[in-house]
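Should a chain be cited, it is by its letter among A, B, C, D and E, assigned in written order, with residues numbered from 1 in that chain.
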Amino acid sequence: MLTSKEKEQIIRSSGADVTKCMRCGKCSGACPSYDEMEYHPHQFVYFVEKDQIEKLLNSPSIYKCLGCSVCSERCPRDVGPSKIVEAVLAMAVRRQDENHLKAENIPGMVEDDTPGQLLVSAFRKYKK
Amino acid sequence: MQEVMKKRAKELLASGEVTRVIGWKKNEFDYDITPAVFETAEAIDRDFVYDDFCGPNLSKFTFQHQKNDTKTLVFLKPCDTYSMTQMVTEHRVNRDALYIIGIPCFGKIDIEKIKADGMTGILSVTSEGADVKVHTLYGDKTYVKIDVMAERCLACKSKYHTIYDELIGEEGEVMETDRFDQVKELEAMTPDQRFEFWRGELSRCIRCNACRNACPACTCESCVFDNPESGIAQKAAADSFEENMFHIIRAFHVAGRCTDCGECSRVCPQHIPLHLLNRKFISDINGYYGEYQAGEEVGQRAPLVNFTKEDVEPDVVAKGGK
Amino acid sequence: MSMNEFKPKIVAFCCNWCSYAGADLAGTNRLNYPADVKIIRVPCSCRVNPMFILRAFQRGADGVILCGCHPGDCHYTTGNYYARRRMTMLFSMLDYLGIEKERTRVEWVSAAEGAKFAAVMNDFVKTVTELGENKRLEDLRCKK
Amino acid sequence: MTFSYYPGCTLKTKAKELDAYARRSAEALGITLAELPDWQCCGGVYNNTKDEIATKLSSVRALISAKEQGNKLVTLCSACHNVIKRTKNEIETNDDMAFRVSNYMQCDARKDSDTEVVHFFELLRDTVGFDELKKKVVNPLTGRKIAAYYGCLLLRPGKVLQFDNPENPKIMEDFIRALGATPVIYPMRNECCGGYIAIESSEAARKNSAAIYESAEGFGADCMITACPLCRYNLIKAESTVPVVYFTELLAEALGVK
Amino acid sequence: MQKIGVFVCHCGTNIAGTVDVKAVAEALGKEPGVVFSTEYQYMCSEAGQNLIKDAIKNYGLTGIVVCSCSPRMHEATFRKTAAAAGLNSYMVEIANIREQCSWIHKDVKVATEKAIVLGRTAIAKVALNTPLTASETPVVKRALVIGGGIAGIQTALDIADAGYEVDLVEKEPTIGGKMAQIDKTFPTLDCAACILTPKMVDCAQNEKIHIYAYSEVESVKGFVGNFNVTIKKKARFVDETKCTGCGICTEKCPMKKTPNLFNLGLDNRSAIYIPFAQAIPKIATIDADYCNMLKNGKCGVCSKVCAAGAIDYKQQDQYIEQQYGAIVVATGFNPIKLDNYSEFAYNESPDVVTSLELERLMNAAGPNGGTLLRPSDKTHPHTIVFVQCVGSRDTTDCGKPYCSKICCMYTAKHAMLIRDKYPDTEVYVFYMDVRTPGKNFDEFYRRAVEDYGVHYIKGMVGKVMPQPDGKLLVRGSDLLTDEQLKIEADMVVLAAAIEPDKTARPLATMLTASMDTNDFFTEAHPKLRPVESPTAGIFLSGVCQGPKDIPETVAQASAAAAKVIGLLAKPALKSNPCTAHSDENLCNGCSSCERVCPYGAISYVDKEFRMPDRTTKVRRVASVNPAVCQGCGACTVACPSGAMDLSGFSNKQIMAEVDAICR
């Protein structure tokens, strides 16, 4: 089976070895954002292995990951699902014509007490 | 430095801690230095020397002149300590009968480089810091030390002592070197070029055995090349095959045990760069089995008497190496 | 001597427990490989001293192949692991000296791999035949 | 003892208390915090991808700058700590990254950014020592039941941050004990507050944060401490029924410099 | 002067069909040293063998070469033939002209030429052969079994049954091992104690078995047939010969707050104790860490109440030396420590337990008398969650990379037993895979699901969160429904990975037996010699070699016993004479050979040598124990000076073969 450029890019950029996954599902058992997500951490790993990157790229799930790394921390095979989610997110953000987070929308989201850290982080995650 | 060493040697002799001292002594010329055993304070005062020509690795000399029933003081430069450590690991010297003083080394001068510059009638050579003053029948000349330093010292791997009872001077560090550059150059050649290169070098071999005699890893009770029972005994290199054979087997026998002290090339009267054979093995071992420095600590397991289940397959060579 | 007529001399060192048995199996199954290959039985691939290999070239061999149990399956548990390192080093040195690296080879052949043994020998003989006579590691005194 | 200090942008704006109380406490403990000249924002989150370099450069600059000062680099904000420490680790372990950073910054990345990064908690534990800290407390917080909220950024990835056992940490509890208060141990202390998704999915973030303070409250906490402005923000936005303060505030209070 | 005979076999047409055997015999007859050369239809037939015997006698042959089938086929035959004619059986070489010649070549000319080369190669070798004699060493008719669990017990019983003396060493005060702690056994659900304790009693009553309980192996020297072992008998502070096991002391001992290790610390016992009612030997032991008399010199209650006067506070460790012909390792396993898995709250909540702890909680002799109660508040649990693979199949450095093999089945057993006894308790099992290869195993697991209504969930628990009300909130994934489950449980049971006992590695060093990276003992061959260590005379029984359940352990235990009996039954050990030997005059004593020897056959001695100048010099030289050496030859190449050589495959022989081929 030929490997797509996308899959290669995800593997390279995440540094994760998806073939090590033994499908235990501990990542998804640990994920605090599970209920918000369409695809769950173990599916990110599995879809990358099965080269179904588009599904992930087009899913809102990539914006629901908290980046808390708990899935990777508890992964018994050192696969690191969070690294994959992040690589997919980066790919989505890099390929979109427009960034996921648009500058003009920001004022509506910000309140007086919003810490700079939140804005910067969200920008980092969602913008090119 | 030399005076400090002499003083300490005499102290140890006087106290009875040691009965013999192994060091260097000057011969007819300043640059003609040989290892020597000193047994009296007078001999030390008269002949003991430590300067920029004290290249010989005293470890092998110590092996050849060791005595079990009495304690011997030996002065070791950093690179000599690696050889000594390797010999201790292999039980070739009796550590208990040695008192080792580690001494610093700032690189040794290769007289051949001075001679190659056309200097003849050399009367004396003195070095102070970075200057090397050559006094000849026909006048004096001053060199920058680095220009006349031995090749092996230019690629010095370590100023650190791996074995000693006491140190004179400050402890140095393991150095980063480009010592594998020449190996890499050779590796980059075509096989034909390499074959020509080595034929050119090895065909000069006169089988004087100087390399073997100086090598601190060659301490066999009887060398396979001298043993008629071994099936490969040779007295002279009668054929190009035997020139190759001798050097391949010698490199193989010291592979993983050679500390890269460079004595083989230093003593070769034909100036064959023998160290490049040993360095090839060191570079391969580092590349294939992980960084390994022979003589780093006592009790190390040499790479060729070791393995991992994941080692590379020999066809790595056919596939073009590391 | 033209290429077509050149018959190489091949020495094959085979460990008693796997590869020698694999060679026997090739025979039992009547799998053909060139008669240029002559086998020397050794207890284990780790018995093979680089001296033997050099000796073979000296005496006129054109190729030397060492066969042993697959790593992990050694009858003596670890012998082939040592052989693997030794041969890697030796081959690397021969290559470094400009001697054709195709003249030496290590293959792991189990007692069940008769077909592999025959295939390996066919391939090795072909490779060495294409290389021609061993000139770089010959000893003229030993040539008739 | 002098440490180079990286405050981070939020400590200059919305989380001034975190910074101010830390400085006062440090002074009381005989520690000098030398703020790095010209530090730049760490970016708030570490970009986990192996091929991303631009977002890591501000951390590299901070590391180099501290190295030039010859000090260890101390951080306060969990996010800054996470970003800088992981950047350093990436340079140490990823040849490609080290090479590219070296090229970009015209330096020897591995050598020049080889700065030890410590969080203020680690400074308290390893340099000051909790036993010593206890001796310097003038207003012991006796009787107070305080829940340590670690969040993610101080603990994970555990192998890189080496801060504490990521599943069962104790450094903040030891800190609380040193101040004379009683630590409240509750299972949600290392769970995520919702982080930056608060900007788009504030409801989701609030759900996460609510679960955390409810757990702390259930185990009897009367106060929660954190080192992260974003954690504090999310908890407060989720209408935490338990007050949430920066740990430095508690420290300053105990040391009598509030 | 060599007198070599050559015998070319036709093997019917197998050889003669492609090889001109007459031409071969003729050509080889002209080789130097050959005095007789002939061919015959079937050399291996009686007539063929007689031909060889006659030739040996008539021509006074010093060596023979048989050109025939593979030596793997008939080398042994022709060696016997030679021996029958008075020629040393190692003066025989075979040229393989069937499998490696006639069968693979079609051209008669080519095959004949090759057969001649193979023949002369064998001649060149046999000319350098030396007569070899297999050395014989006597076998001590006594076996040592290390570890008194079910593996060690079974091995000891089987060896004793064959009439040999067996010493059984157990580090705990009683034999029985892990099986004694288990409640019921899968897949039959019979009670572990009911099937184990009779075997323990058999051990105690068997005259051939000597149990050294509360003892450890201190040192091992020697080699197969002749091991010299020192056993340390740890001080129990109770005289074994006097104690009757009445148990009065344990009742009267005031130190009642000593953790009961047999119950895994789930309850307490007294400082003087008998681990459990059926302990063998049933002798009290004082726990020196808790006994007030031993710690502070105050108390002495047990001594006062002991009618037999068995208490001895001054007892010292004793050392016993004994010789053995064979040693069986049966050191067993332990569940791993769960410190690396704090997400499961094992250290935070007493209601999170390991499966082995659950065995004790459910056992009639356990802390709750067999009623399953939560450890925290002794209430009846209504929801229990089992987590599989805790620390197994974990390739990070937290756990173990292997499958612990037994957990799937014992968890099915636990789930079934709980559902059977407490139908109101819901049982959830989070699994990665359910692995049930074994007779009646999958049926057993299916029964748990189908008949007992155990909820099996394909997924893993991510976190266990103790709640203020004492419940345990379990968050885990259900991969098949693609949901994250949050279950409020009363108890969580962790199937902790198993690992070899910590005593195994130092023991392996003593035995020079090899181990893998997980500290399991390595077998001599993974398929064909699974109960032997590569080190001769060392045998493996039970989990020390790899995870296995009770039936497998017992099978392996008996297999190991059979191997031991086979060894002890021999009057003497005949060893392969093709072993390495070192030329002391050449040996450097550098230890290279020792490092590559897989059998620990090489040791070093200091030896005095006379020098040419009449002085003497003491040098360290290698010495090979021929009883241990298996003849691989690794040492011969590691030796830089060429001091080490291998009989039967010497450097000279191999080089002569090389020369003959290349000639």
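One rule holds in what follows: a contact is a pair of C-beta atoms (placed from the backbone, for glycine too) under 8 Å apart; a residue touches a chain by one contact, two chains touch by 3 or more.
Everything quoted here is computed from the prediction, not taken from an experiment.
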Can you list every chain in contact with both chain A and chain D? E
Which other chains touch chain B while also touching chain D? E
Check: interface with higher C-beta contact count, B-C vs D-E, is B-C
Of the other chains, whose C-alpha centre is the longest way from the centre of chain E? D
Name the chain whose C-alpha centroid is most distant from the C-alpha centroid of chain C. D
Computed distance of Cα centres, chain D from chain C, in Å: 63
Could you put a whole-Å number on the gap between the CA centroids of chain A and chain C? 53
Computed distance of Cα centres, chain E from chain A, in Å: 48
Measuring from the mean C-alpha position of chain C to the mean C-alpha position of chain E, what distance in angstrom results? 35
Send over the residues of chain A in touch with two or more other chains. 70, 74
Would you pick out the residues of chain E that each touch at least 2 other chains? 343, 463, 596, 638, 651, 655
Residues of chain D that touch two or more other chains: which are they? 167
So, with touch as defined above, which chain pairs make the list? A-D, A-E, B-C, B-E, C-E, D-E
Residue numbers of chain B touching chain E in their complex, please. 68, 89-92, 219-224, 227, 229-231, 253-254, 301-302, 304-306
Quick check on the complex: what are the chain A residues that touch chain E? 20, 22-31, 34-35, 40, 42-43, 70, 74-78
Show which residues of chain C lie in contact with chain B when the two form their complex. 50-51, 54-55, 57-58, 71-72, 78, 81-82, 84-102, 104-106, 136-141
Please give the residue numbers of chain B that touch chain C in the complex, ascending. 186-187, 191-199, 224, 231-232, 238-242, 244-245, 248-249, 251-252, 255, 277, 280-281, 284-285, 288-289, 303-309, 311-318, 321
The answer for chain D against chain E in the complex is residues 165, 167-168, 185, 187-188, 215, 218-220
